[in-house]
Amino acid sequence: MNRLNIELPGLSLKNPVMPASGCFGFGREFSQLYDLSSLGAIMIKATTEEPRYGNATPRVAETPAGMLNAIGLQNPGLEKVIANELEWLKQFDVPIIANVAGSQTEDYVQVAKEISKVDNVHALELNISCPNVKTGGIAFGTIPETAKELTKRVKEVSDVPVYVKLSPNVTNIVEMAKAVEDGGADGITMINTLIGMRIDLKTARPVLSNRTGGLSGPAVKPVAVRMVYEVSQNTNLPIIGMGGISSVEDIIEFYFAGADAVAVGTANFVNPFICTELIEQLDQYLEAHNVDHISELKGRSWK
Amino acid sequence: MIQKELMTVTNQTEIAHNIYEMTLQGTLVNQMNEPGQFVHLKAGDEMIPLLRRPISIARIEQEKQEFTMIYRAEGAGTNALAKKRTGDFVDVLGPLGHGFPVEEAQPGQTALLIGGGIGVPPLYELSRRLNANGVKTIHVLGFQNKEAAFYTEQFLSLGDTYVSTVDGSLGEQGFVTDVVNNHGLKADIFYSCGPTVMLKAVEQLHAAPHGYISLEERMGCGIGACFACVCHPKEDESGTAYLKVCSDGPVFSAGEVAL
Amino acid sequence: MNRLNIELPGLSLKNPVMPASGCFGFGREFSQLYDLSSLGAIMIKATTEEPRYGNATPRVAETPAGMLNAIGLQNPGLEKVIANELEWLKQFDVPIIANVAGSQTEDYVQVAKEISKVDNVHALELNISCPNVKTGGIAFGTIPETAKELTKRVKEVSDVPVYVKLSPNVTNIVEMAKAVEDGGADGITMINTLIGMRIDLKTARPVLSNRTGGLSGPAVKPVAVRMVYEVSQNTNLPIIGMGGISSVEDIIEFYFAGADAVAVGTANFVNPFICTELIEQLDQYLEAHNVDHISELKGRSWK
Amino acid sequence: MIQKELMTVTNQTEIAHNIYEMTLQGTLVNQMNEPGQFVHLKAGDEMIPLLRRPISIARIEQEKQEFTMIYRAEGAGTNALAKKRTGDFVDVLGPLGHGFPVEEAQPGQTALLIGGGIGVPPLYELSRRLNANGVKTIHVLGFQNKEAAFYTEQFLSLGDTYVSTVDGSLGEQGFVTDVVNNHGLKADIFYSCGPTVMLKAVEQLHAAPHGYISLEERMGCGIGACFACVCHPKEDESGTAYLKVCSDGPVFSAGEVAL
């Protein structure tokens, strides 16, 4: 019996577990470790129209039960992502969710238009929440009207459903979710990272050369769960939940909060086999707890 | 192939002030073949410290399924490692990256190995391999001071070994580059590992026609997926080219990377 | 030589370390453990005009390197706080910072007016950021204009300098800081807790009976440091920094970020002696690092 | 007086399924005088788990400067505790709260002690004290099942002891209140500790004219400062009165608290 398959806009998932964008590259490295076809989906690294180098190093720092990153959307650019990365990914039986980023509306529209045409791209994830780029990005993610407008524009050109990735660095997450719903989003992915900083005690300077970075990992889980809980009750959009997931119990918590599927980010660095391990353990957990299908768990905390 | 294994500690010795030599046993050793590769490891399954730590492979003993690392206990991760005792387990991901090309040195040639501080360890396995191939090795090892120095005997048994310390408390006073200059050391090839400032100076030495350097950078994944550890190639017209220390390196051809 | 004394509006501090509001009650319990006169100051539990019971239990839950609380401003009310608690505190040679809370402007004004007249109250801390009460509180802390207006009103009636406690649950912390600066605030204290949630795996319900709670402890430190870093560069107000402090190194990090003094919250539960221990260790740290006075460290990360 | 001390483990034994008996030694024991008080403890100085855990004092041995606790290894904190071995340290804050008033039972009187699960431990030191004072004790101990039962022998050596389990695998099948009812147990005073539902039922028993109950609540500070552990007094016209389990309790007069 299949307890794990999930149908979401554009996505027929074997199971609801997928690596989060930016924590899995384009899958090449992990393909040496296990069969990528076992994953529910893959959220690829943010793609921009032009190639980007990103920020100077150091780009990562450790914090209590978490980490900061300021990669800065490094990627080989739309053309190469399509020609090399997505092409290479076609050998696997796994839907790709393409994370789309940019500095201005036109960038997003351009990338969305092209990348959504690629066969194995089954959905887009609009990255309006990257805290690590100076222009655009975060502004789209913090002003409801702007987010709505962008969503609309991208929907117009996209051949596949559009999920919008919400930033937790906002006063009112529900307002943001409703704005992108109004803009025509097909789903929501949340949360991106919280903005944080660490200062080196020896140099008295920020550890990251970008100064601030995005906080992820177990430390942020309570914030993510709270936001999924709030958004799931106030929109009709499916939610792919993430933020600090590193165990089956965490996945269950996100389901109870209101998620329809989950993504795993930082934990891939701690244990590169985690996604496959969680898929197996999740099935065992449901069996042990007599749950016929994972979807039964959605929103139990408020239903 | 990259493996993840709970390996068993078979030796843990403090060989200098806060410097530990640790030997680990497990099947993962079967995958190790290049000196200069590293492992990415975690003392336990705690969430603090969360991330793995990259440590070089300093000696490989296939017959015993053992490898040895030498590390400095500094922060949370390496201190947790230092608490391990014989029989305990360490969570190891590896072997990772590309190591020193041993075959670039021909039998009968001379190789100059220049290491600084915790950059010294990977040169040990390298030297063993080079000597096994009939390459003559000269070692220049730099340390902060006498207390922080290690493995000088081991290197001496493999070839000429010069030691320098910043404060002069052991060997010659000064930097490794001073040693090379003062003694007019020359070789057919050089291999170097240490802090970036040192590597930069080493590249300028011209003690050998060409060589290889091993870089350090803060890492996330350690396998090439997260873009935490990138560096700029020296030749880069677009400005967007990059190399990943973890998977393209940590060893690069001298002059390949903008230091 | 005194390396630790700090002059802030209304406050002559022997040292810059004080317990954070809500994590020290009114000091009675800790007075059994050490001499309260050794503290830089004491931020007392939030006081409202009327007595409040607060939320139902459970009121606390643990998270990775942090905790959630939803106490709900329980306190005996203005009259009793003045008559019993502040009166009792007079035996100690330590300035009191009175944390003032309410549901509407009039509440704040009333409490501020009365409590600022008490001898040992040297400053007020306007709590416009409590995430655990349904009305008021958080609204004052998330809308700049509202925060400014409230600050102004309280300033009009207060006999002592007014510090405003900022909520981290906002899109733009600098905007909030500037708003309260415009409103006439004498200083800023930051951060209050991030809103989070944990769900019980057995019951599928939120662990806290209030459902959401405030996240504090080491997990939030990177967010707090980042916000102090941003605010200290963009206002002229002194900052009492807090959020996850549990070691001398953490204190130094807050100073480098731009704090003028620090408060310790959650760590008091882990080690009830922590404040006195930190004061001693801080002095030793400065001596060992040849720092003549702690104030030299302020803002080093951006100066 | 409340102390904080790194106490030494002198005994750690699994006495039932996931139930551990741990003895700790240190000067903090000098401060312990009331049965029913608790300690707030932390296995290590890690940030996970962050908070201390409240555990009752089950036996005090002043001469040896030792006290014993009995706890169930469930979550992160108690599991970390269960990993401790003889000679290890545990960070203990205590003694905390107000315990059972032993002197309320007169010599020659009979006291009924009713405990459920991990509420049983504090009744042990209480019973020892009562017996020392010449009070006759009757014990009614309830457990989930046979595997979870402990200390029945120890209680038996102090007085009549009835055991019940929910599944009937040990003693009588049913709840502690069934036992009291079925046997028509009567006493001059009762003392009880266990889950709140059980305490509620115990208060309704009228097996004794009056009694004392010990409550559980999630705690932050454990000393009365954070207001995490409040409960409502039964009589409260204002609606804002409160009692703190950690410092006003954990032991309250039966009927004092709205359960």
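Each chain carries a letter (A, B, C and D) given by its place in the written order, and its residues are counted from 1.
As a convention for this text, contacts are C-beta pairs under 8 Å (C-beta built on N, C-alpha and C of every residue); 3 or more make two chains touch, one makes a residue touch a chain.
Just so it is clear, the model here is predicted, and its values are computed rather than measured.
Peer 1: Comparing C-D against A-D, which pair counts more contacting C-beta pairs?
Peer 2: Pair with the higher count of C-beta contacts: C-D.
Peer 1: Tell me, please, which of C-D, B-C or A-D gives a repeat of the A-B interface, judged by over half of the contact pairs matching in residue number.
Peer 2: Answer for A-B: the repeating interface is C-D.
Peer 1: In whole angstrom, what separates the CA-based centres of chain B and chain C?
Peer 2: Chain B and chain C have C-alpha centres separated by 47 Å.
Peer 1: Express in whole angstrom the distance between the two chain centres, defined as the mean CA positions of chain A and chain C.
Peer 2: So the centroids are 34 Å from each other.
Peer 1: Please report how many Å separate the Cα centroid of chain C from that of chain D, as a whole number.
Peer 2: Distance between chain centres, rounded to whole Å: 35 Å.
Peer 1: At least two partner chains per residue is the criterion; list those residues in chain C.
Peer 2: Expected reply: 63-66, 218.
Peer 1: Do you know which chain B residues sit against two or more other chains?
Peer 2: 47-48
Peer 1: Give the list of chain C residues in touch with chain D in this complex.
Peer 2: Residues in contact with chain D: 22-25, 28-30, 32-33, 45, 50-54, 57-67, 69, 71, 74, 76-77, 217-218, 246, 266, 268-273.
Peer 1: Mind listing the chain A positions that touch chain D in their complex?
Peer 2: The touching residues are 64-65.
Peer 1: What does chain D use to touch chain A in their complex?
Peer 2: 47-48
Peer 1: Touching residues of chain D toward chain C in the complex: what are they?
Peer 2: Result: residues 1-2, 4, 42, 47-52, 76, 93, 217-232, 238-242, 247 of chain D touch chain C.
Peer 1: With touch defined as at the start, can you tell me which chain C residues reach chain A in the complex?
Peer 2: 63-66, 68, 142, 169-172, 194-199, 201, 204-206, 211-212, 215, 218-223, 225-226, 229, 244, 249, 252-253, 256-257, 297, 300-301
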